[in-house]
Amino acid sequence: MRLHIPVHVRWGDLDAYNHVNNVQMMRILEESRVRAFWAPDARGSGVVDDHTPPTAIIDAAAGSTTTTLIAGHQIEYLLPVPYQRNPLDVQLWISRFGGASAEISYEVYCNDGLAVRAASTMVFIDSETERPRRISDAERAAWADYLDEPVQLRSRG
Amino acid sequence: MRLHIPVHVRWGDLDAYNHVNNVQMMRILEESRVRAFWAPDARGSGVVDDHTPPTAIIDAAAGSTTTTLIAGHQIEYLLPVPYQRNPLDVQLWISRFGGASAEISYEVYCNDGLAVRAASTMVFIDSETERPRRISDAERAAWADYLDEPVQLRSRG
Amino acid sequence: MRLHIPVHVRWGDLDAYNHVNNVQMMRILEESRVRAFWAPDARGSGVVDDHTPPTAIIDAAAGSTTTTLIAGHQIEYLLPVPYQRNPLDVQLWISRFGGASAEISYEVYCNDGLAVRAASTMVFIDSETERPRRISDAERAAWADYLDEPVQLRSRG
Amino acid sequence: MRLHIPVHVRWGDLDAYNHVNNVQMMRILEESRVRAFWAPDARGSGVVDDHTPPTAIIDAAAGSTTTTLIAGHQIEYLLPVPYQRNPLDVQLWISRFGGASAEISYEVYCNDGLAVRAASTMVFIDSETERPRRISDAERAAWADYLDEPVQLRSRG
């Protein structure tokens, strides 16, 4: 089972080649991760959009108990992505649990089809001690339905 | 009458102060302008979102007949904007017609209220001749309902 | 007397029109402000580049005593700026002192000449109380040599 | 032998965690690639900075004969990078030649040491035909001195 996070392209994501810039595609993956896994900020106004999934439970906003760091990314670009007004369909799931980390796999669909495959390793840091902290039972339970095989990447053979 | 363009904040728009960065707010205004006034790209897949307003008629994508340039902006920040999952409500309207230019006025509402007032001067360039070209009758007609007084800015006294 | 802050364009600052995007130009102004007025971060490694001017004395990094907020910008674009490998020459000076704020004026020169004129109002916030705090005597002394008339903007008549 | 490309961090590259954002680090890699491998734009003013290396010979600006596309990236983050005023030292070299592509390897050093290891696959597209084109003899000769083993990445085992 996959999470489907709609993320809008911005015209400002295009580069001089008139396609979504490869770096900005990673910005879009970042936004999908935040929307998929971070709890709506309790210190905010409490307004939640319609797309907040049940997996959005890490208390990870700046100043809160957890800091999520990225240990690495692997990304492959299959299609150039032009500006489109409807959102991209970012599909993501957990492809590996470590003790204090998880691998996120992604496929991004634009109007022309599958545009990007990627995987990121996200590490959970205790904001107090600044050291990795274990994935909690609540997190593991909330995410269990979205655990699947890693995305197929050419670079992994 | 105002256009209401919903634009999502991205977590990546925050700066080290943990608020939407003042420069990124201008990126959000840019996106609202494109969605309000540019025609969906005829060379694209033709998929249009639900929010495309009747004012979206300039053929301004890179490589098309018109290039829109920004002559200037004035912007005032009234509230810090935290990350929010629901979109900002960017309200915009035309506050002045020139021969080959228009002034756009904006008010941006976040969950905490009115956060930004701004105005931009947009110039219409003929992509062939690279010279300003007059606003067409079709454009003027499509935009007539959204012509109103300029936004109130402190800097204008 | 003006500060001259060299800021490099990045290819990623270009938009689909193949010029430095108008929003990214404000990113470049932000960088010039930080380099002109913020003290090198005492918590950092202490390495300072050759261009740190005597005006760089606000302790404004995230987590320090002062937070600098932007109340507003006015910006006018005079020339399209293509990618260039040598830095832009961002000239800036203080054009007005308020009690807890200062107006910064800018002129940006690219290889083709004067490309941008702008002014920003920067407000000094006490990070503890989150309220505006007065410009200190040390700041006023460090900046006195760079006080001059406001930049000429068409929008100011 | 490695190319050493100095790239300045911008304060705007920091995210709400007060470190250079992982996505912006890829923007910095992009800039190092452009400076290392692209010819200074012949249609520009012809001003070249002091750091243009002998490898900078691809005619790749928008509208020119070659378009360089990114097929994929692999990146690993070893240290958080705070804002620093002196440039990062981006070291890069070619770690594999394909027929119409090359793999670039990178190591990025900040004031605290080695911060990032990465590799990108860059594909050379003929702008006319929009199809991959072979690396020219001139390119291969200009780059031969900077061919070395791929960067060590954990994800490659």
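In this document, chain identifiers A, B, C and D correspond to the written order of the chains, with residue numbering beginning at 1 in each.
The working rule: a contact is a pair of C-beta atoms (placed from the backbone, for glycine too) under 8 Å apart; a residue touches a chain by one contact, two chains touch by 3 or more.
Please read these numbers as outputs of a predicted model, since none were measured by experiment.
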- Message: Let me spell it out: compute each chain's centre from its C-alpha atoms, then which one is farthest from subunit C's centre?
- Response: A
- Task: Go through B-D and A-D and name the pair with more C-beta contacts between its chains.
- Result: A-D
- Message: Can you work out the whole-Å distance between the CA centroids of subunit A and subunit D?
- Response: 25
- Item | CA centroid of subunit C to CA centroid of subunit D, Å | 28
- Item | Euclidean distance of C-alpha centroids - subunit B vs subunit D, Å | 34
- Query: What positions in subunit D touch 2 or more of the other chains?
  - Reply: 11-12, 14, 16, 18, 23, 27, 30, 61-62, 83
- Any idea which subunit C residues touch subunit D in the complex? 7-8, 10-12, 14, 18, 27, 30-31, 34-35, 38, 40-41, 43-45, 47-49, 51-52, 61-63, 82-87, 111-112
- Item | subunit B residues within the subunit C interface of the complex | 16-18, 22-23, 26-27, 30, 61-62, 67, 69-77, 80, 153-156
- Under the touch definition given earlier, write down the residues of subunit A that touch subunit C in their complex. 11-12, 14-16, 18, 21, 23, 83
